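Got some structures for you, see below.
Two complexes follow with chain A in common, the first pairing it with chain B and the second with chain C.
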Partner chain A sequence: MVAETAPSDMVVAGSRPSASLPLRAWGARRAEALAIPLGALALGFGLFSLFLLSLGKSPAAFLDLVYRGGFGSAFALQNSLQRAAPLLFAALCVALPARLGLVVIGGEGAIVLGGLAAAAVAAPLSGAASGLGIAAMALAAFLTGALWLGAVGALRAWRGVNETIASLLMSYIAIALANHLIEGLLRDPGSLNKPSTRTIDEAFRVGPMPGLEVHWGLGVGVVACLLAWLLTERTTLGFAARIAGGNVRAAQIQGLPVGRLIAGFTALGGALAALAGFFEVAAVHGNANASLIAGYGYTGILVAFLARQNPLAIPPVAFLLGGIEASSGLIQRRLHLPDATILLLEGLLFLLVLVGETLYGRFKPFSPHLWGEKRAAASQTVP
Partner chain B sequence: MVPFPQSVRNVVPRDEDAAAVVPEAPPPGAIAVETIGMSKRFGTFAALDDVSMKIEAGGFHALLGENGAGKSTLVKCIMGFYAPSAGSVLVDGREVAITNPKGAQARGLGMVYQHFTLVPSLTGLENLVIARPRVPAVIDWRAERAALAAFMERMPFRLNLERPVAELAAGEKQKLEIIKQLFLKARFLILDEPTSVLTPAEAEEVLGLLRAMADRRELTVLMISHKFREVEAFARSVSVLRRGTLAGGGRVGELSRDDMAAMMMGARPVRAAPNRVGRPDPDRVVLRIADLRATDASGLRHLAVDALAVQAREIVGVAGVSGNGQKELADVLGGQIRAAAGRVEVGGEAYDGRRAQSRARRVRVIPEEPLRNACAPRMSVAENLAFRAFDRRAERGASEGGAVPGRPTVWLDTGAMRRRARDLIARFGVKTASAEAPIATLSGGNVQRAVLARELTDPVDLLVVANPCFGLDFTAVAEIRARILAARNAGAAVLLISEDLDEILELSDRIVVMSDGRIVHAVSRAEADARSIGRHMAGHH
Partner chain C sequence: MSDLGLWNVLIAVIGGAIRVSTPFLFVSLGETITERSGRINLGLEGTLVFGAMSAYATAVLTGSAWAGVAVAGAAGGLFGLVHGWICRLPRVNDVALGIALMLFGSGLAFFFGKAFIQPSAPQLPAIPFGNWSDLPQIRAALQVNVLFLIGAVLSLVLWWGFRNTRTGLVVRIVGDSAEAARAMGYDVDRVRLLATGAGGVLAGIGGAYLSLYYPGSWNEGISSGQGLMAVALVVFARWNPLACFGAALLFGGAGALGPALQSVGVSQGYYLFYAAPYVLTLGVLIATSSPNHALAGAPGELGQAK
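Moving on to the complex of A and B:
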């Protein structure tokens, strides 16, 4: 079904003989990058509909609720954007190391520790200037995340430890560590029902963006996506990372510092994920508590894969997933489905996106090198 | 994946299907195989067009042709990897439908691939037992061992089957592959460039024994080859493919090398290698290695080079059987593994392969299998061509490839990258659909052309190149060797690591032989003698 949705888009491009070949080739590659994830999304919703039907629920009602809960009103939109903000950072934490061919899935740990670090430095700075406090919190989160996942990168680069497993295990450690500190050393004695760190100064709170009720994390996240795109696509450093990701042996032969690239990109990914934690503390919760462990790191993996690790595609995909998550509560109440339903949908989508990854370059309309073969053959028959 | 046209599956009635044939059944003795009107199209591209040829029972037939001539496609059609678009296969004069390699095996057809298909961690015995079409759920190893001992008595080669395959030398692995096919009762054996990994003596032994089996009518052999010498020495008949069609053939002995070359190449002129210009400069030793010790990533292979020097305008050829430390030597020079001890000096200073060093000393390393080791397969041709120069911006006014490699830059200049790519593609004759096509879509020869374009446009002081022509066709080989020789003539010191002795003898000013990680023999071009080199390669010092 994924395959069937794909070529239909391309009939248009293919039937334009006037368009120059490079332009057509460029268009075909772009169309492929769009058609395959969209096909996976469509198929995922299709299969999920079957699941709903088997429970006797209406897929149409489900879609309607997703729309109303995530996108249908100003309130719903703000809610979706609010949830999209941490997803931007979490997705970058996956997409940046992916340039080096690494699959880092430990963003959740960096988010939690980033939030905790921000809350921890806010306490002793109490009473300091607003700008100083916010900068110190952000920096603390940034460095904590960089160290946490940079360690995973370093283990990968110099000791050959699998980064996927290591980052996941580090994530568990981070969560356990955070729980331990929130319930112990950093606990505000006043937080009785829900152990939390001390609430940060009002001056250190990050406010909403002008004209929106969504905090600055969204704006900073979008800018981070743009910068990440510039880094990977337009700088020599990003190109070096792509070489190493494309073939590490080729990169070594070229004398590129592969180890430092790996450690650096994973550290940057961890630092950005930790910023999500910083914004959750400074803009949403006001302190660090168990609410930090909300699974943004894991949803971020799905966002990054749906966006094909392209930083520019992350914001719209994060918005979409943010909306789906925002509608979760409504779906629970109206359709009487368990809250795991959205997880099931996300898992299904993720699986199909991964299957879609194997389909690139298989469809002739999308693959200019296959057109070339055709022309070469034609020119051979007419010597 | 290529969609399989199903037409051939209906050629014979159902009860003749491969699955119905009992694998243990075929009676001993060579079988004749014939293809009739074999064609294979990929889309509109005809990889194979109406090829009919017959290999007599007990024949030793060679299949010659350039890369992309359709040799592999033809044998893959015979073996049932591909369903041919048209045409059929006759075994012993009867038309058969072979829809998959298992079916081919059941009919007594076997193939030895260029790359090994053995499980490295298992012993020869274990590899043979698990290769059988039907392996019992519980294996009685004692019985298998006894049965195999009896089987090995009848085999032409002696092999220790108790050793893990990973410990075997390439020649032994090749023998084991052949034994595996004979064990599976192959009576028609296809060999895909069987000697690319063997020493001359091993090649002679293996092919000689197979020829003897063919002469006794125990086996029919079809050998894909690039080497005329081999064809003339062992094959009885030959077919030549060109661009998917049968260009000619005949009995060996009735065709001259010129005849065969003409069939292979068609009317195209073959580029002659340029002459050696000038002599090595003994005052300018570019590369000097002293007491170098290193171990590869697996920890199994050790390198111990006590002394090796390469002068400007000199090609030093490193001969040796695959897996005797040549790859590790190239890896040390390419910065992929670090030396445990000793010194590597380029231009009189220590060298470790970092980018700044390789730029300053003008060192280029071209590893073997360029697509696997020197390219990012999914990146475009243009991007791959930029690997060497992407982080420098040419000074305005400075000539391309001047001595100053430009200043470092943070921003990627994609426009300059594209222009440079077009220029290099044109100058080096890289055949590609476009500069934006992924480099993995190029043929092997064109990948190597692209890599040479990237590495040899700027002046080079030291060129380290490993198996540059492995698996490439005639024209590409001549062109690539000419470029290496041209670099040498321009004053570069060249370390040529190659498993192809003919290549070493053709290009080198001096030849060293590696065995077991050490340099065991060194000889000048004038005194080089293939027999004594071969003896050292094979470990007789």
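Moving on to the complex of A and C:
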């Protein structure tokens, strides 16, 4: 049953135009990769509008509120960017293992434990130099996330454990563990109503980026996306991962360390997700409490799939979804809709984006062959 | 005193195993049907949540708990058909689609369920098997719900049916080798569509049990991953409906540990005991997976087991 993957197929996806591939053909492929997700988004909003109409709510008012709540003012934009920051990391946590054909959905757990680890390290370092404290917190989060999801990758690689189920179970365990520690060992006795860890030193707080009201998590997240793109598209490591994702047996025959690639990519994803938790603690909340469990990990899954697992597409998609989520409160108040409205819209968009996967290569105008690409010999033998 | 406490915990865990296991049982039986046909539906978590909501809402509106069960089953079947229908499109990943349906099902349930958090619904009936005893703990533990009994019979019927009926055989052929099934003239996509639909019906009914018997109310945290654990449980049970029954009881017992300890006043490590079912599932998953060869009893077409 294992089909021979045409090598041309595997390498072409996402590679830059080369001499043998005319720029126009490359452009056609890019346009397709942009048009289909955008079409799915538009269709999703269209269907959701019909749904709202059937409930007697105005779709125009809904869209207007999404715009005003997420994008319409300087304040709204800052808010959206603030929400986009953790989504960048959470989406990378899905997109990096996806290079190897893995579906890892446990980012939420890594975020929560990362934030907790950062807060836990900050307490004994109280009074230390600002740079040292921040570095130690970030490192603690990074390592915790790497271990947490790296374990899932290792189990997949050397034990054959389904990584999707395992990572989600690990998320539930992480949340239970975090609740246990926040209400026990790490609890600040002063936090009465809402159990929290001790508030970190003011010196350890991560401030806003220059000229913005948004913390540094956004900048670091965008840089992480760029680096992830370089890793997957421009390094031998990323190339090896793509081969292993295309055909494990072929990769093993070539002597690629498939197991270590799987463990490494999932660990890196977990480490990045945990950084989101670090920024939530160091830049937003100031301590670790139940607010860390905000569902960024789950929205990150949607971001990664909407971005088609392309790290460069993650920032704009994260910004879009950050904006949609930022408008949630306004929509609840003005339209008297439940807070799950945005969750429902996201679920619908997710479904449609996946249905869109089937449309690639079906539209004539996007066909690279129309734009001068020579047909590969392999593609003619496909039955 | 501590002696009695220990007994109380044990009785509560046994009673809890019977009470808590039913949703696990229904979802894992449903997933067994789906996976035997060669597909994975991770979306059953969303189906379970929506089943719980729709059953509760129906029971509130009509005053009949059984109408709630019927509606939950129908809604679950619809979710299954959506999964099965989209999966037949080329290049759509069944695992990713399951995650999407998990979000969509939960979103839909939370959206419409908001209005039903307050009102109370009629509950499903239970049969008191513990009336011979004077101890209230034993009486409480042996209150067995009708759906649990139906689930037990169903696992027997499915176990027999997979071996001895034509339908069971066709589902197994499709799941083991799509090529062979096509060569024999069966429509593979259609069999999988129906198998996923049937799986959805059972998961929906499992959800009805959650909201209409135990815990017996509707709220947004009602499932918290039980649907997903049940999917993992199918691997543990080796796609065997009878083993699903035993596994569901084991998981139910693990799930009952937290509340049982809390009821006798153990408050230390409360959250950790709540994590017991997840840890158990993970442990079982690790123990039963295999790095090299397909698992015994695994349908050949299942991507996971390759």
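Here is the rule we use: the second predicted complex is superposed on the first by the 347 of 383 C-alpha atoms of A that agree within 3 Å, B and C clash if a C-alpha of one lies under 4 Å from a C-alpha of the other, contacts with A are read in each partner's own complex, and residues count from 1 in each chain.
Note that in this section a residue touches a chain if its C-beta (ideal position, glycine included) is under 8 Å from a C-beta of that chain, and two chains touch if they have at least 3 such contacts.
As the structure is a computational prediction, the values presented were derived from the model and not from experiment.
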Considering only touches as defined above, state whether A:R260 meets chain B (first), chain C (second), both or neither. neither
Does the superposition put A:Q252 against chain B (first), chain C (second), both, or neither? first
Should A:R234 be classified as contacting the first partner (chain B), the second (chain C), both, or neither? first
For A:K194, select first, second, both or neither according to whether it touches chain B, chain C, the two together, or no partner. neither
Once the shared chain is lined up, is A:A176 touching chain B (first), chain C (second), both, or neither of them? second
For A:W26, select first, second, both or neither according to whether it touches chain B, chain C, the two together, or no partner. first
Which superposed partner A:R242 touches (first chain B, second chain C, both, neither): first
Touched partner set for A:F350, first chain B, second chain C, both or neither: second
Touching both chain C and chain B, counted on chain A across the two superposed complexes: none
Which positions of chain A touch chain C when the two form their complex? 103, 105, 155, 158-162, 164-166, 168-170, 172-173, 176-177, 179-180, 183, 298, 301-302, 305, 337-341, 343-348, 350-351, 353-355, 357-358, 360
Looking at the complex, which residues from chain B come into contact with chain A? 1, 42-46, 243, 334-336, 353-359, 365, 367, 372-379, 383, 386-388, 390-391, 408-412, 414, 432-434, 436-438, 441
Touch list for chain A against partner chain B, complex: 21-22, 25-26, 29, 233-240, 242-243, 245-247, 249-250, 252-257, 361-362, 364, 368-378, 380-381
Chain A partner, complex, touching residues on chain C are 42, 46, 86, 89-93, 95-97, 99-101, 103-111, 113-114, 220, 224-225, 228-229, 231-232, 235, 269-272, 274-275, 278-279, 281-282, 285-286, 289-292, 304
